[in-house]
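What follows is a pair of complexes built around chain A, which joins chain B in one and chain C in the other.
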Partner chain A sequence: MDEFTLPSTEWDAVIVGTGVKLSLLACALSRAKLSVLQLDPSPHYGSNETALSLSELEEHIASLSSPTAQFKLHSTPVHRDRDYTFTLAPHLIYWNSPLLEFLRDVKMTTSFTWLPLGSWWVWLSDEAVKERGTAKSGGLEGAMANLAAGAVKAGGTVRKKAAWNKNRSKNSAPPVTGALEALAAGKPADEQPASTWGEPSTSTSAATLRRHGDLREVPCTVEDIAWSQDLEGQDRANLGRFLRFIQQSASPEPTSGESNSSASLLAQNADTPLTTFINANFPLPPATIASIHSLTLLPTPPSSTPLHLAVSRLKTHLFSLGSIAEIRSAAALTLSYGGSAELCQVWSRGAAVAGGINILSCDVTPEPLPASSSDADDRIPLKLSTHPSTPITAKHLIMELEPSSWSEESYHAIYLLSTQLPPLFQKKLSTDAVSPAAVVVTMPPDQDAKTGLGNSTPIYLQIRSSATGECARGECVIYAVTAEEKERALLKRAVEMVVEAVDPTTQTGKGSEKIVMSCEYASGDLKRVGVMKGAERRQGELEKVVSEEVREKRVVKVRPLKRDIVFDEGTVEECRAVYERIVGTREGFCEPPPEFVGHGEEDE
Partner chain B sequence: MSHPRSSTSQRFAQFKLVLLGESAVGKSSLVLRFVKDQFDDYRESTIGAAFLTQTIALDESTTVKFEIWDTAGQERYKSLAPMYYRNANCAVVVYDITQAASLDKAKAWVKELQRQANENIVIALAGNKLDLATAQPSKRAVETAEAEAYAREAGLLFFETSAKTAENVQQLFTAIARKLPLDQQGPRGLRQGAGGRGVDLKGGAAAQQQGCNC
Partner chain C sequence: MASHGVTRSSYAAQSKDVAARERELKKLTEYHELTAEFQRKRTEKEYTKEALDVTAKVLKINPEFYTVWNYRREILLHTTLLPFSPSPDGVDETAAYGGYEASTAGLLKQELAFLFPLLSSYPKCYWIWNHRLWALHQATRLLSPPFAEKFWRAELDLVGLMLSRDMRNFHGWMYRRFVVANIEQPEKSLVEEEFAYTSGMVRGVGGMTNYSAWHQRSVLIPRLLEERGSGEQERMDFLEDELELLKRAMSTDPDDQSLWFYHRWLVYANALPGDRTAIAPDMPVVTRILLLVDQIEWLKELLESHSSCKYILKALVSYVGLYRTLKQEPIPDEDREDLDEVDENQEQALLKEWLDTLVRLDPMRRGRYMALRKSVLIQE
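Up next is the complex of A and B:
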């Protein structure tokens, strides 16, 4: 293509990178009528949240030049390179999330194809399910249990609006609080009058928790708990009480009078490990704790996950559940064609639409202006690799923090499978109008090696069907992650176990035959390429070229997106804060200017 | 307007349509004419015209919704990454019939689409600014027959259009809608793929009602 000239040498904002946060900022600042130049040294949008075809993925992994990064084709893919969209950011987005609220506000939801996540599945053998923990009484834990019992009793008089399950039946919302109370009283489901559970048909549709071999659907609704074959009477009651504790701890503190004892119980135990807390207050078998913990998607095992983190994740999950009209059994969504990579693509384009400019395969270096140039006072002088003879200046330089800020490592793998594992993508409820396009499978910690994995931290697999457009029909893509470096070798075995359990055409021990492609990388490897690779160098050059005072004022550093299974919910808020710093107000963040036509809501 | 979805005979499909072509051939103007039935003589660039959707009722029971991706000038800065068109179901490649070089650029985009895009992508070639050639035949730089022959050879739909007078604009998009594989399900067929449709995030009464109808 022809060489191009830039329309200006002076920019309000030069944004280095096209990841989620920087793309959102590019869009928001452009829409606020600032002149925005967004560039990326890589030829793809998305930086470390990009999406890649099969050959691009191979190139990308090779470019990491890390001993921990590998790409392997185990057989020849039957489809073409362009039929694949593998992503470094297959995030889940909960229905009750700041991101969705924001996208609705700025009328951008229709720019994406939203697909639901189905059930959560957890690998538990019959033996593991039968195992009963040694519930202790007396001592500190006994005292805590008493406190909890009081809390539940006190809480029972305060009827809170229950967000989860409320939409199960369109005619009568099941009285969830009442149902949880009934469970807490230890009554199994079959002793409940049908009216407690809404319409009989609704109950029937939710009655069975599915399983495929040792892969079990995670119970997380009242119906699930009530009907679970794996729970005994007291477990049912305690799980019901625990879920009610979460529900109540989410309620704001009453303004006067009685205190929210669930909230105070949570506050007192914020850092107590989840397992310890549950055993002390709502004793549950280890398998049930593992099952509940899998909903948190946290990297730590239940025995070392602080309660406040677990509760915060569980709240989001449970309050999102049942809210999606087309699929009441779902709690979260994901974007087709590469998850959050699609956000980068749309927001970068949004920046261009609003008058900004994106340039790919372009690096930037702070460099003093030639002596002949007019004094740029407190602007930042920059040189673009694509236009070395045309120095530019930026009022604000926005970039991601230096890689040293990445503290938590995670180990990732991507698998392309020549089977689509259809049983995992079946609708759960007869009322579900849409099928799930992705599911989460958890291999809980298994230190006794009962499953044969022997992992010490949870291994999470996100399995995405071809409905995401990321692979061809008859295939699926699995994204696997663990927090333990030494356990990265277990990821492949975990995938094989799931294939062997779910795919009717695969015999035990033959799961690996379905793996067409596998690739592995560590989160730290991503520092070696693209925009992160240059971060340190740019930082160093900046220090030479620009005074500390100007740096303080003009250089904006954004934290890299958390490499989490769930979309980093601090994103919108952090970008709003940057926007406020630059524009001077939070008002109008990313709102389309009035002269925009047809920004998405025109088909009312 | 959204159609009632209670009847099972209703077909509703959504497709991603990308626009490609040299700068200033009238890509955005075509879309604005199609979506808003507007034309602005002094429209400078693509600023503001994006995130457009438009629905076409093909017949009483079939509705096609286009989710239209305009380039927003990204082509000028070499920043249209393959991701832009890899997921597209259909493309309108536009040239200016008064600029011969713009057809060459269009041909280059067609080649790129045939190499990189969805296997079943429906590509339409649009020779825009027909009004100029109609008013002043000497301005025409690309003969209809020449472009038509190329389109036939490359397997493209072909129209000469005028965003200004609206000539052939509706016809262009309707022809694309008719050629799209409405019944095909799968990764590169309907945007929602094998699972039927995706989730409507607008929420509120409409989504609520939809869910209950099923």
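Up next is the complex of A and C:
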């Protein structure tokens, strides 16, 4: 590549990397009229949040140089290589999230193609569902008096025929099903026994939560709970009360006598494990607890998830539901063509449009200025690999924390399937105008769900359809994640189980036949590629070339983006804080230049 | 007084900026010129395309100016929206009518299209909705029934869209009833579809608390059962199902007031003889009493888990009072056997306890509960 002339050798900000946070900062600082140079040793945008074609994915996995990172093509994919988009960051973005609020504020939502998430699904065997756990006992110690009073009745009471309607016609369905039939959109209900988690439903019965084998739709609204055939008497009441507890513990104003007590109950139990807390205050069977926990997408099992974390996630989920008019059942969205990789693309481009410079395939090393040049003051002297004869200086150097500071490990797998798993992508409500483009499937800990999988922490699968533009019609892509190293081998089995349960064309035991491509990697492997590869080296050089005092003032490090399924909530705030540190104010963070403020706001 | 969160003073503050003031003045002048022109043309009863254009310009700025809507309608009725008249020289009337329908429908579609962006900006302006209904009625007046029905059906879709954006907007529901009534005009009935629509609504996110949807349901049920030709037993089964539905909803969220209102209607309409809206109007008194007892017993159970929910207490007090009233009705001796013995003293004590709790929980309405106490308790 010919060396192009850099417009300047002095930069207000040099940003090393093109991941999500660094791209956002590049955009914000450029828009604030700072001179910004953003670079990345990789030939593509996105760093560890990048999007890759099929062959790029294979290369990337190979470059990780890890014995446990694997890529395998099992059969021929439908599309050409470049028509696939695999991403290292297939994040979900909740409607009520700091990121979306920020994008709305700066009128950037139209730069992206938003797709809705469908229902959450959870794997629970019949055996697991029959287990009552502590829900049958009257365990109410520690509950506040006006939240739970009186004896807790055991779940499982079958409704008797009402004494006043003794002659109920034999032909009509029993009361429960009959009433629920009325809820379905005028279609005839199938004969469904009004007992525990009902028989597998067909698509015509819209009233109950759906089920495919052991994969069950997770109830997340009061309506789901009220009219689910799968919950019994007291369980229904307790789940309803738990939902209200979450909503009230979050509200700033007391809405009724109960809300203060919800907030204080939460405060008193902030670190109590979720299971313990629920058993003490809203006794529910372990299967139901696992089901609710799946909405949190947290990597720990419910028996060790601290209450305050679970409540925070559940609150986001519940308050996001119903916000999208076209698909009220969707709580979250995701981005087409590679999830958060798109954020990197749009923001880096935004930085360039606002006057910044992006250079790919360019590494940077702190290097002392030649003796002849003027003193750098407290600027940081750097050498670019693309412009070795033009040393530059940066007023601020922004990069990601080195891998040695990385704390959480997670284990990921990506699968391309030759089936599109249609039952999971059907609309939940008759009033939904669009179908979902992605769904979440949870395999809870084996002891709660009795799946036979043997995992002790939840395994999450995000399944993305061809509506994302990331694969061909008739295919889908599954992103699997677990926090436990020893359970990474279970990811493939989990995918096979789901395919066998859901896909009408796959027989039991033949799930693996639908896997076209499989690949696995650990989050830790990513430190060996791209911008992270040289991170320790750069830090070492920095410490030699620049004094600690200058480093304190001029070098800014952002934390690596969390590798959760949910988009890292702290992102915008962290970047805003860095912006404030450099620019001197929080105002104007990414504010669009006047000539680009256009046509109104339309989400989706 | 704040209006939609924008106070008068913030309006004033907006105008303070000099450049903004200048822009405002310019807008005002333009508007005055437009309305002056409108007045002129109307006084002269000018019914032309130019006049129509003037009305469009005024209405885009101020759709609340209803006189201009009136004028617009006058213009259309005098110029383009004329009834079909077969030509005198024996030209094929069917073909001629077909041509007439197509062009008239096109005009009406244009009119509806003109309204649509106005609706998006001013969804609560009565005059826009009024004009919309007028345009649709023109379709019924001038076009053949199947053609006209297409317009109304498209309108139903529009209402569905608006209700999905704001499902508790009573304007939306009222408008929906208008539209449905117009589709049903000749001999059709949409009652099953509409009932299914309410079912979908209350099933959907945030729908369980949608008072408008439950209300609509209560309005549809009597017609639904009549059209189904449901016999007495079928009606009782339907009632049982509906009560079961409510029971599940209320036990999930006993604080939802919409559900209590609906429950109250279900119970009162069917317990009291002679209610026109009753689902099962021919039930004997003893059955009504058993129904009431069934609901009271269930509510007592619910109270055990939610001892400070005032809705449960209020319902119990009302229903027990209703029960006492019903027992005064004439009941055949052989039916009396089905009724359980009731300890009047215990019942009285319970009523007192519930009312005392209500006063404690809701001291602001103390007077109401004291009045209730008088009417419900057997005077000692």
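Going forward, the second predicted complex is superposed on the first by the 508 of 604 C-alpha atoms of A that agree within 3 Å, B and C clash if a C-alpha of one lies under 4 Å from a C-alpha of the other, contacts with A are read in each partner's own complex, and residues count from 1 in each chain.
Throughout what follows, a contact is a pair of C-beta atoms (placed from the backbone, for glycine too) under 8 Å apart; a residue touches a chain by one contact, two chains touch by 3 or more.
Note that the structure is predicted; figures quoted are calculated from it, not measured.
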Which superposed partner A:Thr431 touches (first chain B, second chain C, both, neither): both
First, second, both or neither for A:Arg236, with chain B first and chain C second: second
Chain B versus chain C as contact partner of A:Arg244, first or second or both or neither: second
Partner chain(s) touched by A:Glu552 [first = chain B, second = chain C, both, neither]: neither
Chain B versus chain C as contact partner of A:Pro116, first or second or both or neither: first
Which superposed partner A:Gly350 touches (first chain B, second chain C, both, neither): first
Partner chain in contact with A:Thr221 - chain B first, chain C second, else both or neither: second
Partner chain(s) touched by A:Asp377 [first = chain B, second = chain C, both, neither]: neither
Chain A: partner with more touched residues, chain B or chain C: B
Contacts of A:Ala467 with chain B and chain C, given as first, second, both or neither: first
Common interface residues of chain A - those touching chain B in one complex and chain C in the other: 325-326, 328, 431, 433
Footprint of chain A on chain C - complex, ascending: 160-161, 164-165, 192-193, 195-196, 199-209, 233-234, 236-237, 239-242, 244-245, 248-249, 251-253, 255-256, 287-288, 290-291, 293-294, 301, 304-308, 361
Of all residues in chain B, those that touch chain A in their complex: 1-2, 14, 32, 35-36, 38, 46-55, 65, 67, 69-74, 76-79, 81-84, 86-87, 116-119, 186-188, 191-203, 207-208, 210-212, 214
Contact set on chain A toward chain B in their complex: 1, 4, 43-46, 51, 53, 80, 82-83, 85, 100, 103-104, 107-111, 113-116, 170, 324-328, 333, 336-338, 341, 345, 348-350, 352-355, 357-361, 425, 431-437, 465-473, 593, 595-604
Contact footprint of chain C on chain A as seen in their complex: 146, 148-153, 159, 162-165, 167-169, 172, 175-176, 178-180, 182-186, 206-207, 221-223, 225-227, 233-234, 236-237, 239-240, 244, 256-258, 321-322, 325-326, 328-329, 429-431, 433
